[in-house]
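Going in written order, the chains are labelled A, B, C and D, and every chain counts its residues from 1.
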Amino acid sequence: MTASRRTFASDNWSGIHPSVLAAIVAANDGGDHVPSYGADPVTTEATRLFRRHFGDDAQVFFAFNGTGANVVGLQSLLRPFEAVICADTAHINVDECGAPERHLGSKLIAVPTPDGKLTPALAEAAAVGTGDEHHVQPRVVSITQSTEVGTCYRVEEVEALGRWAHNHGMWLHLDGARLSNAAASLGVGLGAFGADAGVDVLSFGATKNGAMGAEAVVSFRSDEESSLRYIRKQSMQLASKMRFVSAQFAALLSDDLWRTNAAHANGMARRLADGVAVIDGVDVAYPVEANAVFASIPPEVTEALQERYPFYVWDEAAHVVRWMTSFDTTEQDVDDFVAAVDKLTGSHPSPSG
Amino acid sequence: MTASRRTFASDNWSGIHPSVLAAIVAANDGGDHVPSYGADPVTTEATRLFRRHFGDDAQVFFAFNGTGANVVGLQSLLRPFEAVICADTAHINVDECGAPERHLGSKLIAVPTPDGKLTPALAEAAAVGTGDEHHVQPRVVSITQSTEVGTCYRVEEVEALGRWAHNHGMWLHLDGARLSNAAASLGVGLGAFGADAGVDVLSFGATKNGAMGAEAVVSFRSDEESSLRYIRKQSMQLASKMRFVSAQFAALLSDDLWRTNAAHANGMARRLADGVAVIDGVDVAYPVEANAVFASIPPEVTEALQERYPFYVWDEAAHVVRWMTSFDTTEQDVDDFVAAVDKLTGSHPSPSG
Amino acid sequence: MTASRRTFASDNWSGIHPSVLAAIVAANDGGDHVPSYGADPVTTEATRLFRRHFGDDAQVFFAFNGTGANVVGLQSLLRPFEAVICADTAHINVDECGAPERHLGSKLIAVPTPDGKLTPALAEAAAVGTGDEHHVQPRVVSITQSTEVGTCYRVEEVEALGRWAHNHGMWLHLDGARLSNAAASLGVGLGAFGADAGVDVLSFGATKNGAMGAEAVVSFRSDEESSLRYIRKQSMQLASKMRFVSAQFAALLSDDLWRTNAAHANGMARRLADGVAVIDGVDVAYPVEANAVFASIPPEVTEALQERYPFYVWDEAAHVVRWMTSFDTTEQDVDDFVAAVDKLTGSHPSPSG
Amino acid sequence: MTASRRTFASDNWSGIHPSVLAAIVAANDGGDHVPSYGADPVTTEATRLFRRHFGDDAQVFFAFNGTGANVVGLQSLLRPFEAVICADTAHINVDECGAPERHLGSKLIAVPTPDGKLTPALAEAAAVGTGDEHHVQPRVVSITQSTEVGTCYRVEEVEALGRWAHNHGMWLHLDGARLSNAAASLGVGLGAFGADAGVDVLSFGATKNGAMGAEAVVSFRSDEESSLRYIRKQSMQLASKMRFVSAQFAALLSDDLWRTNAAHANGMARRLADGVAVIDGVDVAYPVEANAVFASIPPEVTEALQERYPFYVWDEAAHVVRWMTSFDTTEQDVDDFVAAVDKLTGSHPSPSG
């Protein structure tokens, strides 16, 4: 087979959505000098759009990448002897090369979950040692929305975690690298996962939803409390020509492009999951609620399929693979892929077949 | 006065050079998915271009901003009990919100200099306490090229520092946020400030020379020795859609756009310095060897001038201000500015005038 | 009941063994000034004694406490993007208030074990992500000897872990807060758990074996490689009047006092375990191989027993408690305690009894 | 010459004062088990004695060494993007192997002073960049009492710094490794340098005043605000057999032994300074206000003198040496030393002599 133009490897294998690129180009128009580090009109406008979603008290700090946004946001919430409770599948726990431990100095308390989602009961069980100086002090609950296994927290599930955290003197952090996908999937606004739900700080990701590279830390505490300005700068996440980061957000948050892109990607995942669900030998592993499909397939199918369609193996032992869709995935892409899975699986019938 | 379209505040107030923007657009063309995190053809090409300048042994790691590139590069050279000798004016010492101390865990030994430039003699005097466990161990000499005060190290000056460092079991780091300006000013290639000059790791900046946001760490040690891949990721400086960072470098390093842009900016600074040098009450403070002009002017002139042309005061007490030129500064911009300085200074004659 | 003079709470509730105290007093005799920071004859002698056990290549660095010794030793072995594989029960993982993450910047990969002991197979399963920049790089295997649940690694078990670690480009670290107890239990010398067994760095604890407060980092790498001198000082673990730390080691390592004390404590744990094993309602939870007994007992017994004999609950949910013996625990102490357990348990018969 | 039994190298070359050693021995008497980590009667008593000096609101945390006490105390006052203003001669700046930068993550802003003492004017000049995210934010003024050059802050000088710090939203930290010497010299109580003087956190050193190894962090903020319990533990400064640290403080703070020892050491320095002041070729470099004498002497005298009396050269270039006295320095020691200086200096007349 020849390689496909579009893959199911990751939503960060996509390029830039045309409207986002146009916004970057427009921000460069005219050649005027503008103040650096965010004191420019594009950043002001992008911030205004964020506040339309998250409320006027939202403090917004743009950053370069998801790891940066997570570390910066978390750092505003805790000190090194305090700990973060998260799912063991959390991006901060497994995919950031230890950046959280390194930069926070804090321990992550990683909790196994059936579906990538924390619950108050799981957090409660993990929050041990409070008041004991020999033990790290649980201080932040961090959740990912949508989760790393493609599931979504319902609004009331986030609210329950917010209440639990606040009742225990803790903060709720949300890694929203794919928050748009969750909001689109649940049919709610982005603000549904802000202060109203009890979230104290969140990372909002644009990169995986059609941007070139743009992430934001949204905090519902005052600047003075959070000191996020200084934390961002010291954490090497302050862009000098900020307007070109801001323009990406402005494009996505205008005309609900964020939702259009995310809903499309979600729909493609749904279509993919529906397509493979009926294939013998393929078992979808988690509820498909965002833009990811996890499935167990025969390992020899994986190998043959990857020649044409790069994607990642999620769990080597269990033969579970991950297929991500993106804003630019087409129905044809999905249908071709499903057909390829079908063909390859059929040519490798199970012994009992 | 009305505000000028172009200012002398900083070279990061400029936008994107058209060729750089075109390269970003081109990298998005077609909509193909490409591997993230640098395993893409654009990054391969940009790396090839770097090696044309710095040699085949150069290891190149793209990063988001200058602070990130400096911290990542330095981190590959030292451990927390080891120290960095730098000029007290160094960007790492005064303009990065303590990021080096924070992320390296190391002390910066800041040395006063007459012109922003370290020398072996200055480094020697600062390198005390070797072998004494109570004292940080000097391990890296870090220089900025061109310096924060707009001067340039001659090639042989860098070589002398390289020899001194290596003779003392130390490394030489170069913060090249404006390396292009220095190379253009001295009429040499970028590679003149690489391994041949004894530099072990350098930051190469594109942002201030017409890019949107692109910096690189160039190391002359093997990957295995430097571990820069892991350091970059853990330091939150790894871009997922890397090709759009790489494309910026590819544009600047092709057809010597880096030199054209830098030489132009340098020329505008020269023109500006020449223009103000003859004005009574204006004293140029440092040799103008790159794209910065420092001058002492009457404080009331500063205030009036800033209304139309934003720029920064460098030394409040000494009334020294900084004027930066950029790739997009025009002769008209400079001449208008000089005329404004002349007019404002003339209207504020010194008591003895 | 009235409180007992001796408890089973922890071996650090004991005071100082008379010979250790005598050595401290002797080190003060005469009132001569001696060089600080370890350049004194007592430290020289203590180091000589360590080398008699661990070989002439052993580099010895005295430290204040176990957390300090562990963090200092580990820091000589890895960089922040590298990780430590340890048992989830490891002291470094649960009892040091996150000091390892804080000071190493590294992730601990905590592995569940049936008996507190890692194996090559467990390490192998945990050592994932090698070569992947998104993932921390496993670099050190850290084991505790004797373990936190009172079991001991056989010499060949340590050797197997050393071989596995070295074959995978990793180091083997040993937390020997109770190494004396393990060596005494297994009837081997302390050196059996040094370089010959493949251990690269170990913490050797004296405090829990009759000292006042004295721990050592023993490294089998050269000073130049490990830089432990600087790491210790920067880690706030360098004593100025070092001779009084050293004297404690000199006392314990002369005349095999370390073994006498440890063997006695082990014997008392054995006696205690044997005593309670026959009591209905008491189940000893782990093999009793050092100076700790873990047992599940009815929660109401725990409460009543703690009034007279302070001790810690190990696992609230499983009603497992921990009883530690010490160098100064007497047979009478143990017999009285067993009698108390017997009496209290008898008065709380199980429903089926 | 043969080596002297007592030297002028450092007050940490002395042993333990008999009363301190007796207190350690007494704390071990009886062999009872007592709770570890400070929940013991000796620690309670030592804390009570501290509060008699520093007031009932003083929170007291014992630590192992001065570096530890300084880092722990400072850590309770600032975050990594915040900076510490200190004299360039400060122990935290030059003698702790970079531990403050390493563990605080913060920059030290080191200020040259004529006499080792900061003033509000010096602090004011150093406190730049407030509100600028590119710059570290000054947050703590740290002073050493008595200073590293043997001078003392008057009470009103400390008060002035406290007022200045608090008026600028900053804290005042005091490194009191030799606070006893200062209080004895000025004829005031220890509490004169506590909350009443505007000090927020101080390190109180016992080691250099006759203890074996005992330092304390005294904070005037509530436990909840400072979190010092957790900071101390995570910083590896929590002793398990705490009572033996506490006993040293109890001994020094009872019967004013702290003052007796310090006053004696101060008197010996005075005697030494008076003795050498009349010797040609010897110039005392700083006011002798505590237990240190700094003097410039001919370098050949230094060398000959060190053969018998070890001491440190303070400033190689200026031929300035440091002579420390201690609680156990005798008049005879001083007189013999002065005679030796006299003799050696006389035998090396200056060319013009």
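The rule we apply is simple: contacts are C-beta pairs under 8 Å (C-beta built on N, C-alpha and C of every residue); 3 or more make two chains touch, one makes a residue touch a chain.
What you see is a predicted model; the values in this text were computed from it and never measured.
Taking the CA centroid of chain B as reference, the farthest chain centroid is that of C.
Comparing the chain pairs B-D and A-B, the larger number of C-beta pairs in contact belongs to A-B.
Between chain B and chain C the centroid-to-centroid distance comes to 51 Å (mean Cα coordinates, whole Å). Once the centre of each chain is set as its mean CA position, chain B and chain D turn out to be 42 Å apart.
For the pair chain A and chain B, the distance between mean C-alpha positions equals 34 Å. Counting partner chains per residue, chain A shows two or more touched chains at residues 80-81, 96-98, 102, 133-134, 230, 233-234, 238.
On the side of chain B, the complex with chain C involves touching residues 37, 79-81, 133-134, 137, 227, 229-234, 238. Contact residues of chain A toward chain B in the complex are 4-7, 9-10, 12-16, 21, 24-25, 27-28, 30-36, 64-68, 71, 96-99, 102-103, 207-208, 212-213, 230, 233-241, 244-245, 310, 326, 328.
Per the touch definition, chain C reaches chain A in the complex via residues 80-81, 83, 94-98, 101-103, 105-108, 133-136.
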